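In the two assemblies presented below, chain A is common to both, partnered first by chain B and then by chain C.
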Partner chain A sequence: MVSNAVRAQVAAKWQESFTRLNRSEPGISGLMAFSDAWTLATEFLKPRDLNDPKPRRQYDNRRVRMAFDTINKCRRLPVMMEVFLEDLHNSQYLIAREVESHMNLYSETSDPVIVRALIFRLVEWYNAWSPPAEQIIFYRLGQTIISAYMLSFQTHLFSVLPASFARGVKSLVAATLLGTVSPPSDQRDSALWHAFDMLRLVERYETLIASVGYEYIESHVHETCAGAWSEPMLPKLRAWMLEKIVPWMIWPFARGATNAEEAKTMMQGVGSRFEFHMHKTLCDLRTKEMFDIIVDFPDSVPALNDLKECLQRVDQRAELVQSLRRANRKRLLHPGADTKDILLQYVSTIKCLRIVDPPGVLLFKVADPIRRYLRYRPDTIRCIVASLVGDGESGDSLIDDSEPIHPLQQPEVENYADPEWIPEPVDAGPDFRANKTSDIISTLVSIYDSKDLFIKELQVLLAQRLLALKDGNLDRERRNVEILKIRFGESALQVCEVMLRDMTDSRRIDQHVQSQKPNVMHPTIISRHFWPALEVSDMVMPGQFQDLQEQYAKEFSSFKPDKVLRWHPHLGRIHLELELDDRTVEADVPPLEAAFIELFSEKNTWTVDELITRVGKVTRSAALKALGTWVDMRLLKEESENVFRLLSVAEDVTEDATPKLGMASLREDLPPVISVQQQQAEQMRVYWKFIEGMLTNLGSLGLDRIQAMLKLAPGYDRTIEQLANFMEAAKREGLVTVKDGLWKLGK
Partner chain B sequence: MKVRVKHWSAVAQWRWNTGNNNNNDNYAAADDEGDVCGICRVPYEGCCPTCKMPGDDCPLIWGQCSHVYHMHCLLKWLGTPTSKQQCPMDRRPWVTAERKVNNNHTGNEAP
Partner chain C sequence: MSSSPGISAFPKNDSNLFEWAGTIEGAPGTIYASLAFRISISFPSNYPYSAPTIKFETPCYHPNVDINGGAICLDILQDKWSAVYSVQTVLLSLQSLLGEPNNASPLNPDAANLWSNPEAFKVQLMKHYRPLDGSA
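Let's turn to the complex of A and B:
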């Protein structure tokens, strides 16, 4: 049973509580008063349903105040607060219901206005349930109860907000940027931001709000800057940020700032993040567009300057290199691109990247694949050389004439004693060479390890041009050679010098010969060994042509007694006048054509084979081509297959007179000079004899063995790769077979 | 039909008439490797190592011993004491030959 002690204790406790509630009032009137006050206060604080149509009960402020007083005197306020929070908790379903209905509507319409309405409604709830400050603020618990209320309200609110609410807030914030939901009177929508602040939504959704800013900036940059390379965009973007983003930022990010200075400090962090983002977006955009920007150079210089500035803020250099390399690989370095275009793009790339990155690290990284690719193109050298001598038939020249002419530069060793020396940039690769000052031509020439190839190609090109010269005006060529001398050095172009002198000498000799005995021949007399290999031909000129040649040669030998002439009968051009029965035709033709028509003056009908035997060894296709020229001019007619007849009287054009030979396509003039490639192939033919011999004697051999043995042959200077290519070619022709890396003669 | 040649821009190359090559008869055979100077091993139609321009600027010299050299090469050789004024090929005393060319002109071109 209950012991006395317990009983006494309970009695004491009860007595104590009673005294506290009843205070020193008579009887239980104190208790009664407390009870009244409690009822009134809890009733007063109880959260109510805003949707309840009943008007809110009016309370007498004085009585409420007194009730709180009483409770305070009894020290029951903390208990009351708990009861209040409990009540609050029980009423939260009202808000949950409201949120749900709004969000349902929003998910149907996706209209940010609904979210806005919801937020304002939530503020209403919040205000309605908030313990009225003026009643409680005087009590010690005032602040505590408000913060407890706030916390509890938010906790619950956030727990009932569905995931789609974040999306809603985002679209709402975005809408504030565009100003589509705000009332016209309040463009910046301060009311909304106040509501946000009151519900503590700003803290919760700060990153979200920032992301809206980022996206907005991004879309603006993409909209205004994409493809706009001809004017600097950065200043415009900065102005736009100041005008559009900064005012918007004030509400979410600089609340409660009392003056501009304070606001500035508060916005500094997010502001610089936004600015960075703007730079980054522009940088990304330009990086993506880089290939086309280079194509557009020099119109795109402003864009390049923008990019340069962006790259200083944003470390995107590696991305730029990557994306440009990818674009180059995809759009430039493939068989469909013209070598000339690749070179042009390469030169533009050089110029562009020098603007973006003066030390040249980016350029070095981007250029490397292009250079390696160009090295494998057979006609790269020819293209470069053609543009070197200003062979600008195709319009765009790689070099602008304004660029001063420099000698080719060798990569120089770094001079560490130089007080101006600066280390290479950090992202430079190990094989990076700073060629700070080198000009475009030096860069192009340095694609290849030696410049000898260029010199050779230059000679071939010069020879072609000199032999094709019609008016005998050498000034242009002479100027070119002088320019090239500056670039490549005097000695490298010695051979070209000899070629030019041959031209003038020929003129002088011709003048002398003509003064002795006039001759319709005006030959170009060349010094062999100094000219690139000319096509050899065993052609013999018939009839009067041979007489002319002999006459001229004789005159020459009497002028230069120690020298004799050797003709290249298939080269040059002959101007003829053909007198037919009813007409006279003038023609400017290559020697083979002239030889044929000369033969037709002997008799009127020839077969192709007869003609060929008369002029010596010419290929059948060349002969047909030459005949085709005359057929086109309606001087010859193909009577039957391979039989041609002279039309001494013009015949009407009949349908089948249209050239059956279809020679028109063959009419392109082959250059008289053998190209470097052909020369190499020619040389390789000699070595084939060696290879054939060794394979016959030794059976099958590996590539290394063949190479080692060929090294013994005089003048063999091929690499093993070149040999491999050659052997592959021989295999395709069925000359050799390969098995397990051993080469054997084919059957 | 009558063919009249109005103008012919032809291409030819010059050769030294060394007398060794069987002249105009067959072009093709003679067209291959020309002879080289026995001293500098450069073709006659090339130029000696000290010259830049071939032809009249770097002429040949004919010896009675039938050997032919670049004139500069030979003079340089004769200038050295070890030469003893002999032809470097056959060690006979060097005597410059009178050039007899198939036509009326005589004498070599050497200055």
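Let's turn to the complex of A and C:
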């Protein structure tokens, strides 16, 4: 039952609505007019199917306009908008259908052209359905209607776009980038970007578009810069960015900019991101290539300068260190690499990283493993020393001859009073020592804690070279010693001085002895105390050589009564003239060879064992080698195994005469100075007595205990690692056994 | 630390050089041949002006050695000590004492009495002897 009040209420409302629709028209003509206008307007706005072959109904713009006016006057526009959006919603399936068919095609062909077509088609739909702005923009609600349409259209569109659309857009954008040789006024691209803009695709796919840019930059950098180290690439890349990327960027990132200034501000963010990406890509690339860049030094200096600049913008220092350390570990620090090569690479690394990072933090981090590795290489010192004295055969590339020679520099304590002082870079570790010295040799020598090792090795090397001298020309060695004096200091090289003086003294003494009593022998007289230990041999020279030796010794002792000669008959070389039945042979041979051939003047056939007993203690292999020399010279022939016969008459070369002792040519030319390692082994033998004593009396001991005890012994300076090696060696010889880390004497 | 066969001695640890351990092997041809004895040497603070104290750690059945405490009756370790003796000479003296005991002043009268009977002496000796086990 409805109350009167309600009735009155409804009637009033009804009346009000009626008046609004009918306005002040007579009768219901106003209502009729409104009804017509509504029908026309909704019909006009109704989204239609573009694929409908029927031509679109033509509307009279004026009439439409009037209809909208009528509706507006009746304040029914909001309702109409709702109806319109409702209609829109109901027609969305048309677009969904369109998108689906295009995307199906695209997923079959992957041709970006289809995506392009789809986008243009979508623009058509959009335009076709759009409420005519010129008709409604005057109304208060006009703007709202248009944006509501836009929103609704997009919302629906994005909801129906499949995931593959993003991929399509990406390849489409990439295609535009490939075509951007022309300026952005290019019609095709411009239309496309317009379409993008209209559908608000740019906002939606902004990151995607940017990623296309990133990828493009990346591929360009890789293409142009990989392996191109000999010219600076950064300026070129920058020019390329300006020429190629910036114009392209204008469309997606600076649309709507009215002037260049505005465009610039709009593109600033994305532009600097692109630029950063270019630097980062180049930096990554160079980081990856770093090892080879170092190998190529100094041809690769431009690449290093590029890298330096990149590193200032991109914080990739840690990556560089890591990657280089990894490459070094993999390619350099393994047993297959020559020490010489490692040193060379190390020196190049020093030079390269000094370019990239002058304070040397990177260098310190990268060099550390190399230095540690080099320290364990037995021949490192030898290599460094050889390059110090400029060993001719090794090519000597470690040091530049033009570099001024500096005294070895000690790491300096930081001088904080220096007004130029700058703190260490942030990524410097606590153990970083700023090594301001640029002197390569100082750096190399500092691999080891003390330079004594170098001095010792220098002495050995010098001794070897002096003993190997044939022409007696000392100028070169003297020059080397002088150079080294500058580096290591006068006192360190005193021993070397003595060695050089011994050489000249021997010559003088020899001249004197010869003047007293001519002798074919010209010995080198060395002061035992100052020379590295020489190889000892108990070889006794037979026959005439022995006489020569004695005669010489007699003359010498009358010249220098307070000195005694101790002969090393196995060292040196002997020039022989051998007269045989049919020929004379001249030869320049080591003493053992001479001794053997002399013995053949006693009888024609000898066995190896007979020969060995005549010359004292020589190893069998040495004897065979000496005999091999003569076999090669066709003076001896191996009759049967280990039996040799003198060929007093030359024999024709027969097949079996081809020397099977081919190793004779592999003469060891190394002079017989005991190397530093051998000397150390020699010293270790002394300490063995101590070890034996303690193990006898104290039972089994751990390595630490042994080391601590040995420290009691005078002059003991081995590290525990060296001791461990020694104990391992003793174990192999069966002298000791080890169990649970405790060593005891073997039974 | 010496090159004399059969005797050796070494500091027990690197922090106290006054306590040494030593080993003496019986000289070949004596009744102690091929037996090894561990001894302890303890140096007084005024060494070498007084003799080191030497004791057998391995029980040694010997006329001049206390079978229980290991104390040794040797003139150069007592009144005849001289600063010129070294560890090596002392150990050599001990080694020779093994083969030639001084039966006139025995610390172990049983052993002194038995000395003239090598077979019986050897039996007693081996009864007390403990071979070195290699650990201190």
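Heads up, the rule we're going with is that the second predicted complex is superposed on the first by the 706 of 747 C-alpha atoms of A that agree within 3 Å, B and C clash if a C-alpha of one lies under 4 Å from a C-alpha of the other, contacts with A are read in each partner's own complex, and residues count from 1 in each chain.
Methods note: a residue touches a chain if its C-beta (ideal position, glycine included) is under 8 Å from a C-beta of that chain, and two chains touch if they have at least 3 such contacts.
Since we're looking at a predicted model, the values are computed, not measured.
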_Quick one: is A:708 in contact with chain B, with chain C, with both, or with neither? Answer first, second, both or neither._
second
*When the two structures are overlaid on chain A, which partner does A:557 contact: first (chain B), second (chain C), both, or neither?*
first
*When both complexes are superposed, which of chain B and chain C contacts more residues belonging to chain A?*
B
*Should A:648 be classified as contacting the first partner (chain B), the second (chain C), both, or neither?*
first
*Would you check which partner chain A:580 touches, where first means chain B only, second means chain C only, and both and neither mean what they say?*
first
*Of all residues in chain C, which touch chain A in the complex?*
1-3, 8-14, 17, 20-23, 38, 133-136
*Sites on chain B touched by chain A in the complex*: 1-17, 23-24, 27-28, 30-31, 34, 43, 45-46, 52-56, 59-60, 99, 101-105, 107-109
*Residues of chain A touching chain B in the complex*: 467, 470, 494, 497-498, 501, 505, 520-531, 534, 536, 538, 543-545, 548-549, 553-554, 556-558, 560-569, 571-581, 586, 591, 594, 597-598, 600-601, 646, 648, 672
*Could you pull out which chain A residues touch chain C in their complex?*
689-690, 692-694, 696-700, 705, 708-709, 711-712, 744-745
